[in-house]
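Just below sit the structures, each encoded as structure tokens.
Look at the two complexes coming up: subunit A is in both, with subunit B in one and subunit C in the other.
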Partner chain A sequence: MLENQNANTQKQSAYTLMPFSFELLSSGDYFLSGLAGDFAFLSKNDFYALVSDSLVIGSKAFIELEAKKLITRGKAAARMMTASALLSRKMFTFSGPRLHIVVMTRGCNSHCDYCHASSYSPGEKAPQMTIDIAKSVAKAIMSSPSREITVEFQGGEPVLSWDTVRFMIEYMRMLNIKAAKQISFVLCTNLLMLNQEMVEYISKRGIEVSTSLDGPADLHDRHRHFPLASAHELFIKNLQFLESETSKKASPLLTVTRTNLFQLRRVIDHYIELGRNGIFIRPLNLFGRAALDNTLGYSAEEFIEAYIDALEYILEINKRGIEFREFMAALLLRRILTPFDDGFVDLKFPAGAGLSVLVYDVNGDVYPSDEARMMAASGDTRLKMGNVQQMSLKDIRNSEIARSIFKSSIPWLIPGCSSCPYSPYCGVDPIRVYSETGDFMPFSESSECQKNRTILRWLFDKLRKADQNTERILYSWIA
Partner chain B sequence: MHISNSSLRLLKAVYPLEAVRAAVLSISINTSCQIEADGDYWIVVVKDAKESIENSELLRRIDEFVLRKKLEERFASERDAIFSLAFGKD
Partner chain C sequence: MRAEQDFYVGKVRAIKNGIITLASKGASKKRIPFSAERPVSIENGDIVLLTETDDVHVLWRSHSKDNVIIITNACNQMCRYCPQPRTADTFSNVAINRALLSNLEKKDISFVTITGGEPTLMHSALIDLLKQLLKKNPLASIALLTNGMEFDDMSFAYEIVKAGKSQTRICVSLHSDSPFIHDSITGVPGSFERTALGLLNLHRTGADIELRVVLNRLNFERLPDIAFSIGMNFPFVSHVAFMGLELHATAAYNAKEVWVDPPAYMNQLKRAIYQLQCRKIPSSIYNLPYCLVSKSLWAYMRDSISGWKKTFLPLCDSCLMKATCPGLFMTSIFQSPSIRPIKTIL
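Let's look at the complex of A and B:
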């Protein structure tokens, strides 16, 4: 077969192939994707006709591929359009850090078995951010070149430093009179200490609330321990209190442990009962306490099996008329079906760590991601980029750590990713790779790679085979 | 047919040695692959493959691997041109 192709490639071709990657699917067809994420499915015959420059001009396959800029009869224009589309997707590499995670305290009011951040338990004296450091952090954030800024207050439990949280928000609002950026604030809280004054302030300043919910009471309380009551019971009470007083809905995050891994359908039902319109099925982060307890984890294969089952279940629910989505799948669909960048920093090429997100610890130390900060909390501070009281944000962003992460997360330079047809929609987490191997450079066939590729294959398969109703549902997830 | 009991004859002019080796090893890192020259052909003998695989499937994988490499070479200059347009020369 290849001998014939060689013979054909010697002829003058009527069209030019634009760069693409491909994969043979189990159906026998081929999946192709271009540099900017345009994609197509081809039969084996069409695929081999394509690469041997003998695809019939005007055929259905030809028209589709030309429309998607995978082949062209006008190279300069196709090159320009592809470059423009690629730039649109990678615009975040030029805009500066947009997400700024501020660790207000290492202390927590509850004790979670899987705490990635190695937070101090209730009663322990924990480091907290001082007003002086909060000012330095606020000034650093405002010096970011990004016009859109999200400040996420984390812990531990940031509400334990509520006065400093309030101070920082007011201080940043004052600094922003001159800077005129678009700033949004997110409070990451377990809601267990919520009171009237907090709710009024959250409402007054339009603060988004991100929280945690691992399922019904038996699942939620299994690994989330609150000394005074059932964490689940108090969570529900305060969630209802918050939402009755404010116009916004809190966004709960699910942490998947071995306990709820194969009960995701129950978890989804619980989210729906609580009026949520979606769920983020987030795998366990093996940092902090989670890394020490080997009863919590599972294999990549187990996660993929449970995750795909959950997606199938969510599709069924939608077909029954309930609008509900899985946020990770929705994010990937958006990348597949639209030409735009998104704000999700955990799965990007180049990596978002240190480029689109910065994390400020209680003492002003800056890390490229939450995971790097978690490593630091466990005693490994090798990924520290600098300190806001000693360096400018510009110098911190130009640190050797940031450069190394950037260089090692360019997809076209990573073995495996460079030829993977799913890389336009995917990304890497070099900090996770670093924590496992001591090097930032990802490797193909890692469990992360396996997981991402399986999920993307599932989505493409659904899109390809979707009837009208399924297609409508999948598109509704990205609306 | 299990591949460990068979061998393939591949034209040297079509199948670069490195591509053949890489394609065979992609089946399993524990696979032992012996490649010998015989005139215009490579004789590929695979032993101890962990995965039961037929000759036709191995040939398909080698074909695909070689094609991928050829396309990468063919796309290299166009890809550089697109990157330069999108992100600048550096």
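Let's look at the complex of A and C:
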């Protein structure tokens, strides 16, 4: 009898809540997101109904929430679908490092005010990778379990070690006869020393070229100094030379400093003039030389404002019929609209550093990121994972430091992130946190966090309010 | 149910001098008069059913890609827009299928659609059928039309995918991204749950999966949401088919509730197809004529209505696109009032 009474008085819920996080938006509506990145917007009344268990079955809000797996009446499907999407997003955790950055030389042919690689300036005698080390690095890379890998030659200016770059590519191609991986090679160069022989080799081996372009001449030359010539003029000349001889287009990377931050529209126009299909607007990394120069930096607020203005401008350009995208926004949209990993190693969880990306220094030391390598150069060697001539890649990947980074980048365990509705699309950078605090564990409300949140919030708002034309443009960015 | 066989299934061997000669495996030849009342479109190689009263039904057309095996009339859903008459299985259905199968030769089995009712209700019969078809023609291309619910049983999903080898595409009807709307269309509470689990199981067994979304008044408003849900939950499908309604049987009865004029949902359909395309999921439009579809979507249209079911209106005669138009269902109780001849392509 008593049991019966209990059964009657205990209200049976018509639906179960799935794990979700939420935020009150300035519009008064709520934004909700689930573990695997499903999301919905709710009015205040509907949100209160949801959490007080009084949502009417079949109401508009109910239909939306159940379709987005934020509530369920079923036993298994919503959970299985969530698990399946989450697995798809986090598959990279199991597939091994895919990006291998090899520092060929610390030397450089030019001098940039914001250099975060702390390169030696032209004329200084800089350490270079020897053939012996190059062989060990190549072998280590080929022993990585990933089927698809990207090997990025970096510096300094890797072209200063051109013979070693060529040697390494040929050596890895030989090793790959047995390993049978899908390898892409990327040469990160300022293009200033490009010659006929290099272009032919780049073309022959299908090497991708990643370069730097900060805007029109006045902006570009402001912080990129090349002895005896305008870096911009020579860059354009060599870019055209390269692209007239090869089928691939070089992708320029923009470094945003205080100089071009407020002129991003001009920078975008310049990229379009040069026939680029997009631009990657990412904030300056305040490591190395950049940290010493306080005329380069800007606040998170300043960046966000300029970035969003740039996005609005790019949308306008698209509406005029020019296909052009901002790569960071495109990347985030892909995370919002699909359950796939984008291959990008930053801003994800678990952190890509040490897991999806490894950096090999000229002497064979391995670091989880470029920043970690810089810190080691300035005396803090705690971030070194190992050396390819002393340890197997497996042991390097299993090093204490890699584990610490991994453990410190799970948002479900980080105060602030654990309740943030944007965390399914975001990630923390434990190395940056370490450089600022001496500890890997991130803290919420950092300026990094503020920036990512604002950008994601803006993107969701755009998607929600998009007319058909804007929606088409935003979707075209993920295609 | 009568145990006695009261029909004859045979393959047309000759049509001469008003006489059709039928041959059948394991039975004697039969000659029947071919008069004006008979269906005119009988060809050599067709497999026909001769009933007790000497009615002739073509079971299999030798030159068609639309041949269908109805393995059962039974169904575990009661879809509001179902165009199939609801009938019970009889002894004859099963026996006719057996006779049809025994007469099928390798060359007949290039393209086969297995449907129902709900074919997966016949667990072992379906597995046998797939095995037999692929034994006769290992390169046959088979489509299995299903609501996917039975695949919530992983071992059954595995058995079917194993029997169908890589030659079988499993075409699963999905009515909405919303379990509530999906269930109210199928009339079965919990049907979305089972179909969703079925899809995940099929994917885990490596099946080739197509999703079929029948466009109707109850689901058209959420077409972009369906695209979103497919992209998020079922991104592994090979193809999504958006299908126009056939206003026949139950659908005809519920026409008021389910029918919506295609121009009314064209915007949602455009968005859905574009969003799927950006996610690299191919899609097509079945069962709609050119005049009801936005020009920007014409490239997605397929000539999907079986020849014998296809019709046109008198006003279609002056249409520039008639020759390649997928046409209209002859079986529908009425046609869209928006049908009109296309006079200019620009």
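List of remarks:
Here is the rule we use: the second predicted complex is superposed on the first by the 466 of 479 C-alpha atoms of A that agree within 3 Å, B and C clash if a C-alpha of one lies under 4 Å from a C-alpha of the other, contacts with A are read in each partner's own complex, and residues count from 1 in each chain.
Criterion: a residue touches a chain if its C-beta (ideal position, glycine included) is under 8 Å from a C-beta of that chain, and two chains touch if they have at least 3 such contacts.
The structure presented is a predicted model; accordingly, all values stated were derived computationally and were not measured.
In the superposition on chain A, contact of A:A479 is made with subunit C only, not with subunit B. Within the superposed three-chain model, A:Q468 lies in touch with subunit C and out of touch with subunit B [touch as defined at top]. Judged by the touch definition given at the top, the superposed model places A:M391 against neither subunit B nor subunit C.
Within the superposed three-chain model, A:G74 lies in touch with subunit C and out of touch with subunit B [touch as defined at top].
Once chain A of one complex is fitted onto chain A of the other, the partner contacts of A:A300 are absent, as it touches neither subunit B nor subunit C.
In the superposition on chain A, contact of A:A179 is made with neither subunit B nor subunit C.
In the superposed model, A:V51 lies in contact with subunit B only, and not with subunit C. Contacts of A:M18 after superposition on the shared chain: subunit B is touched, whereas subunit C is not. Look at A:I63: by the touch rule set out above, it reaches subunit C but stays clear of subunit B. Residues common to the contacts of subunit A with subunit B and with subunit C across the two structures: 75, 80, 84. Of all residues in subunit C, those touching subunit A in their complex are 176-181, 190, 192-194, 196-197, 200, 222, 225, 228-229, 231-233, 235, 267, 270-271, 274-275, 277-280. Subunit A makes touch with subunit C in their complex at residues 36-38, 57-58, 62-64, 66-67, 72-77, 80-81, 84-85, 88, 337-340, 468, 471-472, 475-476, 478-479. On the side of subunit A, the complex with subunit B involves touching residues 1-3, 5-6, 16-20, 22, 24, 35, 51, 75, 79-80, 82-84, 86-87, 90, 93, 412, 418-419.
Remark: subunit B residues 11, 14-15, 60, 63-64, 66-68, 71-72, 74-75, 78-79, 81-83, 85-87 touch subunit A in the complex.
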